[in-house]
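In the two assemblies presented below, subunit A is common to both, partnered first by subunit B and then by subunit C.
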Partner chain A sequence: MTKNIRKREARKGLLISSTYLVYAAIFWGYPFVWLVILAFSRWRYVGSPRFAGFRNFLRVLYDPIFWKAFFNVLNFLMYYIPIVLIFSLLFALALSKIKYGKTFVALSFLVANISSGVAYSIMFSKLFAENGPLNQIIYKLFNTTIPWFTSPQLAMFSISLIVVWKFIGYYGLILYAGIISIPNNIYEAAELDGANKYVKFFKITLPLLNPSIVMVLVFAISLSFGIFTEPYMITGGGPMRSTLMPMMVMYTSAFQKLDPTYAATMSIFTAIFSFVIIWITRKLLEREVDIV
Partner chain B sequence: MKKIRVIIFHIIMFSLSLLWLYPYIWLFMSSLKPSNEIYTRFWPTHFTLEHFKFILESAKKMQRPFIRAFFNSLFISLTVTISVVLTSAIISYALAKLRFRGRDKIFDFLIFQMVFPGFMFTIPLYILIRNLGLLNTYSALILPSLMSGWGIFMLTQSYRSTPNDYIEAAKMDGATDLWIIFKIMMPLNKSALSIISLFTFIGIWDNFMWPLIVMKDYNKMPLSVLLASFNHEYGAYIGPILAGSVIQTIPMVILFLIFRKYFLQGISITLK
Partner chain C sequence: MKKLLFVLFLTLIIMSFAKTKIVFWTAPNPNQEAYWKKLVSEYEKLNPDIDIEWTTIPAAGSSEEAILSAIASGRTPDICTNIFSGFAAQLIELDQLVELSKLPGFDEVVSQRKMNDIIKGWKFMGKSYVLPIYSNPILMWWRKDILQEYGFKKPPRTYSEIYELSKKFVVPKEKYTMRVVAGRNWWDRWFDYITYYYAASEGKPYIDLKKYRAVYNNDAGIKVAKFFETMFKNKWTAVDLGNAPLYNGVIIGSLKGPWEIPYAENQFPEIIKNITITPPVVPDNYPNDKPIYTFADTKGLVIFKSSKHQKEAWDFVKWVYSNPENDKLWLEMTKMPPARSDLLKNPLFKDFFDKNPLAAEYAKYVGYAIPPALISKTVDVQDEMTYSLIEPIMYGKANAEDAVKNSVKKINRIIW
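This part shows the complex of A and B:
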C-alpha cells in the first residue's frame, strides 16, 4: 500500500519536473549544442555549417577590434568598481545610521535601479548633452563645458557614472543587509577594549562584510562583460571605438556582417574572461567569515 | 553639538536622495515643457502635453505606433510573467515536496544553468527561433522565457521551508496536488512569488537586445525597441523622445512603488 503511494508520488514528481527538462532541452540544450557547433564551423546562415577547426578561435585572438572591446571592459571596470564600491559602502553605512526618513532615502536610491535601459540611456544622453542642463551649470560656474560623450578619454567614464547611478541603491542595500547582520555585542566588546570608530570600521565592519562585498564585486564584473544597451544607445561604440563593448562587436558581426560563427566564438571568449576575472577576484579577496 | 551633526547628516542624505531622483524629475518635467525650454529652464513657463500628443498620434505616420508598442510590451511581459509564476509554482512543488529519483540532479542542473551568462546563448537561440520560422512573431519574444530556471530555483528554496504538516493535513481531507499548490503553497510563499513575478516582468519589459534581434516588424515591436529606433532616426524631436521615455519608465516606477516592500525583501532573499 505505502509502496504503491510512494511509486505514484515518484511518477508524478518525475512527470512534472520533466516538463521543465523538455523545455530546457529545447531552449537551453539545443542552443548550447549549436554554440559548440558554431564555434568550430564556418557558416553564413545559408547551407549547412562546414567544419573549420580552431579557425574562429585564432581569428578572435588576432582580432584587434575584439581586444579593443576587451580592454574597454577593463577600462570600464577601472572606473566602475572603485566608484560603485566606495559609494555603495558609504550609502549602506549612512543607511544604518539614519534615523528619520530611512525608507524615503532607500527608495530614492533604489528607484534608479528599475529604470528602463533604453529610456534611461536616452535620459542621460540628453542630460549630459553638449548643451544639456549639466553642461550649462558647469559653464555658469567654471566658464567651460565638458565633452562627456564626445571625448574618447571621457566617454567610458561618463557611461560608468551612469551605471553607478543605477546600481548604488541595489549594491548598497546588499551591503546594508550585511551590516545589520553584524551583532552589536562585537562592537560593544571592542569599545570596552578602547577601539575608536576607525578601528571598529576597519577591524570589524569591513572584515565581517567580506561576503557581501565579494558578492557585489561578482555582480558588478558579470554586468560589465554583458553591457550592451548603454553604449549602443548613447555612443554607438564611439568616439574612436572607446566605448565599444564585446556585446556590440558580437551583435554587429552576427547580424550586420552575417558572421554568426565568429560572433558565437567571441561570446565564448567573453564568458571565459569574465569567469577568470571573477575567479581571480574571489581568490584574492574572499575570506572565511564566522560570526560567533 | 551632537544634535547639530545629526541634523547636518540628515540634510546631506536628503539632498543626495533628491540628487538621485533629479534625472527622473528632469525627464518628467522636460516631457511637459514647450520644446524651446527643455534645455533652458528647469521650471517651464507653462506645461504642455504636445509631446505626448505627438508621440501617441503623429508618430504613427512615421511608422512608430507607440500605443500599439505599449500594449505589445504589456502583452508580452504579462504572458511571460503569468507563465513563469504558474510553471515555477508547480515544478517547484515537485522538486521540494515530492520524492523521486533524480530530484537532486535536477536541482543541481538548475544551479549549473545559472553559471552560464545569458549572452552566450543569444546567437544559437536566434538560430533556433529562425529554424522554427518564428522571426518577427510574438512567439519569438515569449517562448524563450516561458519557464525560468531561476524562478524554479528560488521558489524551491522557499517551498522547502514550508512545513509538511499543512500538506499532510490537506491530503487527509482528500485535496489534490493542484489544490495544495494553489491554495496552500502559493499563498504561504507569497513573498517569493511576488519577487519572481516582479523581476520577471521588469526583465521582459526592459529587455532590449533580444527583441532588437528578432523583431523587425514595427507593429509587433515592444516599446523598448520602438523607442530606440525612434531616437535613432528622429533624434531631433527631443520632446517626443523624452515623452516616449516617460511612457516606457512609468509602469516600472508604479510597479516599484506598489511592491516596494517586496523589492526590499527580494534583495535580502536573493542573498541567501
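This part shows the complex of A and C:
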C-alpha cells in the first residue's frame, strides 16, 4: 500500500516537473550539446560541422584579443564591484529608514533596471559626450572637459558607472530584504550593551547581511562576463580596445567573421572563468549565518 | 453554382501552384522599399507565371546576420540586395553565390548599364558574382558661409590649406576644422583612412589582391597618416565632436555620402543651402590636373546557388537593369547614384541632376569612386586598422610612420 502511494506520488511529481524538464531539454540541454559540438568543430554556417579536435581551444589560448577582453572584465570588476556594493548598500539602508513612499522610491530605482539598454546607452553617450551637457557645465565651471568615453583610461570607468546606475535598485532591494530580515531584538540587546550605531552596523548588520552581499557579488560577477549592450553601443569596444568585452569578441566572431565554432569555444572559456571567480569569491567571503 | 465555385477555387489553387515563386530580399530602407514594391508589381503583371515573394531583409543586428541565419537554416532567398563587397567575398568562399558572369546576357546587361569599368572593382578571381546596384562616392561637405566669414573663397583642397584654415578657425574645445576620424567601428575606416588613401594615391588599392598583402605603407599612406597626426596633435580635430557638428557650426568640413542629402534637407533646410561639395582633401604635391579618387560605398545584388529558379531570378534581374528608366526611378526615389558611369552624359538623368545639384556632385565622382578591397576578412582587417593605425595616432601613442608600418605588418598576418 505504502509502495503504491509512493509510486503514485513519484508519477505525480514526474508529471509536474516534466514541463520544466522538457523546457530545460529544449532551451538548455540542446544548446549545450550543440555548444560542445561546435567547440570541437570547424563550421561556417554551411554544411555539416567537421571535427577539429582542440584547434579552437588552442586558438583561444593564443588570441591576444580574447585575453585583452578577459582582462577588461577584471578591470571592469575592479570599478564595478566596490561602487555598486557601496551604493546599493546605502540605498538599502536609506530605504529601511524611510517611513512613507517606500514602494515609490524602490520602484523609481528599479526603473533603471528595466529600461532598454540600447535607449539609455544612447542617452548616456550624448550626456557624457565631449560637447555634451555634462562636459559643458564642467567646462564653464573648471575650464576643462572630461573625456568620459574617449580616453582609454577613463572609458571603462564611465561604462561601469552606467552599469552601477542600472543595478543599484535591483541589488539594493536584495540587500534591503536582508536588512529587514535581521530581528530588531539583536539591535536592542546590543544597545543595552552600549553599542553605538557604527558598532551595530559593522558587528551586526554587515555580518548578518553576508548571504545577501555574497548573492549580489555572484550576480555582479556573472553580469560582468556577460556585459555587451553598453560598451557595444557607446564605445564599440574602444578606445584602444579598453572596453572590449568577451561577449563582443564572441559576437563579432560568430556573426561578422563567420566563425561560430570559435565563438562557441570562447564562450566555454568565459563560462569557466566566471565560474572560477564566483567559486573563489564564495570560498573567501561566504559565511554561515544563523539568525536565532 | 456551388460546383462552379468549387471548380473555380480548385483552378485558382492549381494556378497559384503553377506559378514560379522567387524569394527576393531587399535593403530595409523606406525609399528602396517603395522602389522595389513598384518594380516587383510591374514585373509580375508582365509575367503572370512568376510570383516574386518580395520582403525586406528580416530584422536582425545586420543584413549579414539575417542572411547567414537564412543560409544556416536553409531559408536562403533566391535574390538578395544590400551585399557589400567583403560580405560577397565571404559568401563566395562559402560557395553560396551563382557566378553571374556565366549567365546568358550578363555582358549585355553590363554594357547596357555602362558598368564595364565599375564591374572590375567587383570581380573575385576574375569572375563576377555580384551585380552592383548603386555606388555612393564619399565626398567632403563644407560650410560655405563659415569659410567666407574667415576669408576663404573656396574650400581647402590640400592638407596645407586645411592647416592654414585651422590656425584661423579653431577654438580649443569649442570649434574644430573638420571631422577626420569617422568613429571606431570597423566600417568607419571606409569613411576616413581608406577614402583619404584612395584620394592621395590616385585610387591605388590598399590591399594587393594578387599577393594578398596590405600595401598602404607607401608615400600616400604615410602622408594620410601624417595628416591625421597633425590634425590631432594640434587639436584641430577631436575624437568626439558632439551631435551634428557640421550643422551646429562646430566643424566646417566632413566626409559624407549622398544619403546625407535627404536627411539634411529635412532636418537642416537652411544650412544645406550653404553646403558646397568637393572631393576629399589631398597631399600638397597632388597634381592639379589629375582627378581625385574616392571611396565608393557600394552595394550589390546576388543570386544564391541554393535557388531552384536561377534562370527566372536572373530574368528578373536582367529586366530591372537593362532598362535605364528603372535607374532613373531609383535615382529619383533614393537619391543614390545607380552604379553606371554615364550618369552625367545620359540625357535621361539630366532633369534630375538639374534639380538636385548636390546629387549631381556625387554623380560626377561615380567613375572615380573605388569599392573596398574584395577580401573575406574585411572586418578583421579594418578592426586592426582601427586598433593599430587610427587609435595610436588619435591618442598620440605612435607616430604616423610607425603606426602605418605596424598596422600593415599586423594586417598581413591576418590575411596571409
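In the analysis below, the second predicted complex is superposed on the first by the 259 of 292 C-alpha atoms of A that agree within 3 Å, B and C clash if a C-alpha of one lies under 4 Å from a C-alpha of the other, contacts with A are read in each partner's own complex, and residues count from 1 in each chain.
Assume a contact is a pair of C-beta atoms (placed from the backbone, for glycine too) under 8 Å apart; a residue touches a chain by one contact, two chains touch by 3 or more.
Note that the structure is predicted; figures quoted are calculated from it, not measured.
Student: Can A:247 be said to touch subunit B (first), subunit C (second), both, or neither?
Tutor: In the superposition, A:247 contacts subunit B only.
Student: Could you look at A:61 and tell me whether it touches subunit B, subunit C, both or neither (first, second, both, neither)?
Tutor: A:61 sits against neither subunit B nor subunit C.
Student: Considering only touches as defined above, state whether A:280 meets subunit B (first), subunit C (second), both or neither.
Tutor: A:280: touches no partner chain.
Student: Could you look at A:130 and tell me whether it touches subunit B, subunit C, both or neither (first, second, both, neither)?
Tutor: The second partner, subunit C, only.
Student: Is A:100 touching anything from subunit B or subunit C once the two structures are fitted on A? First, second, both or neither.
Tutor: So A:100 only meets subunit B here.
Student: For A:206, decide between first (touching subunit B), second (touching subunit C), both and neither.
Tutor: neither
Student: Go through the superposed model and pick first if A:112 touches only subunit B, second if only subunit C, both, or neither.
Tutor: Touch partner of A:112: subunit B, not subunit C.
Student: Could you say whether A:256 touches subunit B, subunit C, both of them, or neither, answering first, second, both or neither?
Tutor: second
Student: Report for A:86: first if it touches subunit B alone, second if subunit C alone, otherwise both or neither.
Tutor: neither
Student: Compare subunit B and subunit C by how many residues of subunit A each one touches, and report the one with more.
Tutor: Larger number of subunit A residues touched: B.
Student: In the superposed arrangement, what residues of subunit A touch both subunit B and subunit C?
Tutor: 45, 126, 129, 131-132, 255
Student: Within the complex, which stretch of subunit C touches subunit A?
Tutor: So the residues of subunit C in touch with subunit A come to 61-62, 64-65, 68, 71-72, 90, 94-96, 173, 183-186, 238-243, 245, 250, 377, 379-380, 383, 386-387, 391-392, 394-395, 397.
Student: Residues of subunit A touching subunit B in their complex?
Tutor: 6, 9-14, 16-17, 19-21, 23-24, 26-28, 30-35, 38, 45, 94, 97-101, 104-112, 114-120, 122-124, 126-127, 129, 131-133, 136, 165, 168-170, 173-174, 177, 212, 215, 222, 225-226, 228-229, 233, 247, 250-251, 254-255, 260, 263-264, 267-268, 270-271, 274
Student: Touching subunit C in the complex: which residues of subunit A?
Tutor: 44-46, 126, 129-132, 139, 145, 147, 149-150, 152, 235-241, 252, 255-258
Student: Would you pull the subunit B residues touching subunit A in the complex into a rising list?
Tutor: Those in contact with subunit A are residues 6, 9-10, 13-14, 16-18, 20-21, 23-24, 26-27, 30, 38-39, 42, 87, 90-91, 93-95, 98-103, 106, 109, 113, 116-128, 130, 143-144, 146-147, 149, 152, 177, 202, 205-206, 208-209, 213, 224-225, 227-228, 231, 238, 241-242, 244-246, 248-249, 252-253, 255-257, 260, 263-264, 267-268, 271.
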